[in-house]
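A, B, C and D label the chains in the order they appear, each numbered from 1.
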Amino acid sequence: MINVGVIGVGYWGPNLIRNFIKNPHTHVNVICDLRTERLDSLRQIYPSLKAVQDYREVVHSKDIDLVVIATPVSTHYPLAKDALLEGKDILLTKPMTLTSTEAEELINLSEQKKRHIFVDHTFLFTGAVNKIKELIHNGQIGDLFYFDSVRVNLGLFQHDVNVIWDLAPHDISIMHNLLNEYPESIVATGAGHLGNKLEDVAYLTAYFKNNLIAHIHVNWLSPVKIRKTIIGGSEKMLVWDDLDSAEKIKIYDKGIEIQNVDREDRHRLLVSYRFGDMYAPRIDHTEALSLVVKEFADCIMENRPAITDGEAGLRILRILEAAEQSIKTEGANVPIGYLKEI
Amino acid sequence: MINVGVIGVGYWGPNLIRNFIKNPHTHVNVICDLRTERLDSLRQIYPSLKAVQDYREVVHSKDIDLVVIATPVSTHYPLAKDALLEGKDILLTKPMTLTSTEAEELINLSEQKKRHIFVDHTFLFTGAVNKIKELIHNGQIGDLFYFDSVRVNLGLFQHDVNVIWDLAPHDISIMHNLLNEYPESIVATGAGHLGNKLEDVAYLTAYFKNNLIAHIHVNWLSPVKIRKTIIGGSEKMLVWDDLDSAEKIKIYDKGIEIQNVDREDRHRLLVSYRFGDMYAPRIDHTEALSLVVKEFADCIMENRPAITDGEAGLRILRILEAAEQSIKTEGANVPIGYLKEI
Amino acid sequence: MINVGVIGVGYWGPNLIRNFIKNPHTHVNVICDLRTERLDSLRQIYPSLKAVQDYREVVHSKDIDLVVIATPVSTHYPLAKDALLEGKDILLTKPMTLTSTEAEELINLSEQKKRHIFVDHTFLFTGAVNKIKELIHNGQIGDLFYFDSVRVNLGLFQHDVNVIWDLAPHDISIMHNLLNEYPESIVATGAGHLGNKLEDVAYLTAYFKNNLIAHIHVNWLSPVKIRKTIIGGSEKMLVWDDLDSAEKIKIYDKGIEIQNVDREDRHRLLVSYRFGDMYAPRIDHTEALSLVVKEFADCIMENRPAITDGEAGLRILRILEAAEQSIKTEGANVPIGYLKEI
Amino acid sequence: MINVGVIGVGYWGPNLIRNFIKNPHTHVNVICDLRTERLDSLRQIYPSLKAVQDYREVVHSKDIDLVVIATPVSTHYPLAKDALLEGKDILLTKPMTLTSTEAEELINLSEQKKRHIFVDHTFLFTGAVNKIKELIHNGQIGDLFYFDSVRVNLGLFQHDVNVIWDLAPHDISIMHNLLNEYPESIVATGAGHLGNKLEDVAYLTAYFKNNLIAHIHVNWLSPVKIRKTIIGGSEKMLVWDDLDSAEKIKIYDKGIEIQNVDREDRHRLLVSYRFGDMYAPRIDHTEALSLVVKEFADCIMENRPAITDGEAGLRILRILEAAEQSIKTEGANVPIGYLKEI
């Protein structure tokens, strides 16, 4: 049995707790938050949980194996460092830390301490992402042309990071997972309107090899909620609408082909369009977070790295930092430096 | 009665012809196209129309007052120049010409010849754009935060311009018309996948004063058709879905307000969300192109410039050229130079 | 060449005229309406058409082979009778006549005169209906369980018939065509709210053999337009949304199976659900009315009956009359009498 | 503190338990089900709950004030009777019992024992129903013309009642609540396809005074989930789409007016259409079941009847029984007998 302590029980923490309680190999011992009303509200549901306000009671406890850190991102690094130093495995919500330097230090520390770092990129465990991955990897989509993702709605406004750091980690982790490639450079634009320095609307282009292009649109000030990803390939195109509960993924047998026709009398392009059927495969509806918890528990028990380990978290931070640099210079193209293989 | 000759009867020409026929002040004398099957097909509907293959029979005809040029954009300049030299008023489909230099030359020529240049930016005459303009101008939206426009579908692929030149003129003309401001700089990214040099997917950010930001996403390779514009303001936010025949415009009484609270004990932000009603105003459904034709006929009869005259067409070309330059340098920020007042 | 005269150029007449003009085997000689403004408006588009106000100039003309009657339904019978007596083929818009007695008389007269009666049930010629028919007839849907059709919107209010006579002929003709069976009895309910005696909201149940049931909901007072048909079968289920331009027909691999388990210890049902993929086949988008015109022209030239001949029109009238009788008695079950084989 | 025992923890029971746990005035002491796996699964979340398999341990317990009965409907009557005889207040899921005779007996018994009967018609406590009620009652909708409700999806198939008894109680309770009137007669049609005697598709028309008509369509075999109610009135029309999380209720300023014009020369109708704006009011999103629990707790503490008491449950049963009788006779019009005032 893996004993779990959870620090931070605001928006996402309670979901993690619920799933760690349901998992047969994990047991939640203690929850921690500065706000007692949150702790009280959770203890109404789970009266047997121990609740503390001082995170050190979690980190230093000998009864805890895995420390789950679901606090604002600016506190991730110090909490995670303390936990690793105490020999705990750690699970961080996304994004992993505020800087890649912090992330690298945690990765080094975890290697030294032979402990796990897990980052909760939940979307990688959804039925939708797994289905799309399968379609891409078995060749049905063909050569990839573009990846376009829109993630907009009103709020939840973050106080310590801008909208890219808040929302784009979802899209970037999905992009890495599906495209199985790392971008060469990033261009980002955006603006903030709420009297602080944080962008609330932002656009990110990622250039890959072979004319593959990705684009992410994130917005905290949209009156409507949109969660839509379009992927274009040479053989098929697909739309993933995460808000469509009935038909999340639609695969279109559509495309364009262009032939260069070079005859004596003229040089022109022949364009042919392919308009075929659409189909929407059945998607597994298992709650992704239960699979996240299962995977991390299995990794601990089998002593193997997770697909969303510290390195995966760091790769996303590098994109975020490049985007930040680009956005501050109003769209400069920022190359991504050397990185370990995905 | 204004006598009209139409050159180019491919996709858009027949719509112009139908509306010029319906207008009580205009009369279509002659139509012209290289492809006889197109001419034959139109003469089946309008047997009284004269049809020619040589455009000079239109441009040089003494019976023609207004020459409508609905041909591929690369032919706009020579056709328009000939027509102006012959003392005709001219109507060009969008975009006006291939370069701003060509457009400037046509504008100069038209001033010299005291003739009209009209550019058919049809969307400015739709009930939707007029309603949004009214809402912005009477202050209901408040300070503008962002303008986000998506115009994607499969084809129609153009042979002489990329997807930005083909589709974005719609969005740019709407953006100018609604925001009533001119951007300071442009960042554009994109990629092409069809063996020619033309981008088929592109993203354009326009930076305005006062943190106003606009973004345009155009794509020829999307499996689904999307025509959606979101505008965020300090008072209201609106979504225009041009494919929703019943409720094209939805206005949301939603927003975020942030106060900086600076107390002794802490410095933090207070965020308050406003979630109010939505309403969808009734939109005028008059065919926009009939209003375009009416406006241009009125301009000729009253000898006044149109809101979509040569200058308006040129302003859009400058954005397109900046976008082109940015896209070729993978996202460099390209400032827009001095321009006459909008 | 088949010479056509069209009586009635209100809402539907102009569509018929346009398609008869386009068809290579038909020629429109004369159009007729009591309202001169309608005639003038059509002559603006087709200056060569002869226009008259007295229908006898159509019916008695020696230059006319086919008389198209697109007038209010209460005038169908006298106009059609005159035309048949003059030896013309006739085309009636739906519903064929006001009563089955009128329809029978016209059928007898047409047999005597060896002339064609065509009824314009346009929907039977749409790509959607043909695709569904194909799916049903090749067994993909399995045994049919139900046919549910909703056809509601605001207006167009008719003056001489209620909403069932106005809208349900579409659904009934589709139902006959797809199910290839004739109902045994009808139950209809409804109500009128506009100070006349005509129902504006109505519901019609048709009982078939083998537990197949059909239901039609028609409404002139709905704030939203809905055109949706759901068909349930033992193997597949399908939804036809005629307002969805991209994916009109969706076929679901879904179902329920129930086994009676009779063991010693208990008697209970085992229910198993099948939730599979959905697919939306590509639909032919040829304008249905052009195929209607083609079929009727072919029938005249090949001297064969149409699938929507007088008998087909009469079968629909019998359902409408049964529905009328049921609705007047607030839901009494009205059996359908003997009818020729479909 | 009201002590609660819950019998039946299948689909709906756990939701009731969660809300009784959250309510500050109620306390769940014991849960009961024949299937131990269900009890175990709940005790994983709420380890402090006592779990039993014999319902008599709930009904006869001196520690229980309110017995919640969330079992299949065929068991409601004996369980409720036992609980009332033991002097407990009872809460029954819908429909209240299998017959109106059973319901009357329970009502009599509850009066004799001075105990409460609550029926969980959850929808009456949703923000949507309350908003619609407000709109109707303050006159915005005008005179009511029709109420049309569709509730279809695949499953969940019930073993002891047909689809009308399973799903229509929702629509009937909403209809009573909104229209504030009781129907005069019922016509119902339907069919079953799964080898048992239970209808899986059914249609119900309710006739009210003054030409008001209601229609309910319920279906267990629909490939798509629809939860849509349309209400037409003389002033406004509204659509409630319960699956639209953003804009559940849309109110349309649309209508038709007809004037009888009686002039010397002709007698005809003048029809005028009103096409105005649409608006979607903000809806309260409080979980309805928490309000159900609050209302019932308040009723017990204040010793007053609930709006969904035994009488309310009985009124719905009378409609269900009339529908049953009509459906068995293939659509006969079944009058509703004398009933206490709503």
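In this section, contacts are C-beta pairs under 8 Å (C-beta built on N, C-alpha and C of every residue); 3 or more make two chains touch, one makes a residue touch a chain.
Not measured: the values here are computed from a predicted model.
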Of all other chains, the one whose Cα centre sits farthest from subunit B: D
Pair with more cross-chain C-beta pairs in contact, given A-C and A-B: A-B
Computed distance of Cα centres, subunit B from subunit A, in Å: 37
CA centroid of subunit B to CA centroid of subunit C, Å: 42
Subunit A and subunit C: spacing of chain centres that average the CA atoms, whole Å: 53
Contacts with 2+ other chains: residues of subunit C: 224, 275, 278
Contact set on subunit C toward subunit D in their complex: 145-146, 148, 152, 154-155, 157, 159, 185, 187, 189-196, 200-201, 203, 205, 207, 211-213, 215, 217, 219-224, 230, 232, 234, 237-239, 250, 252, 254-258, 260, 268-269, 271, 273, 275, 278, 326, 329-333
Sites on subunit D touched by subunit A in the complex: 21-22, 44-48, 224-225, 246
Subunit C to subunit A touching residues, read off their complex: 247, 275-282
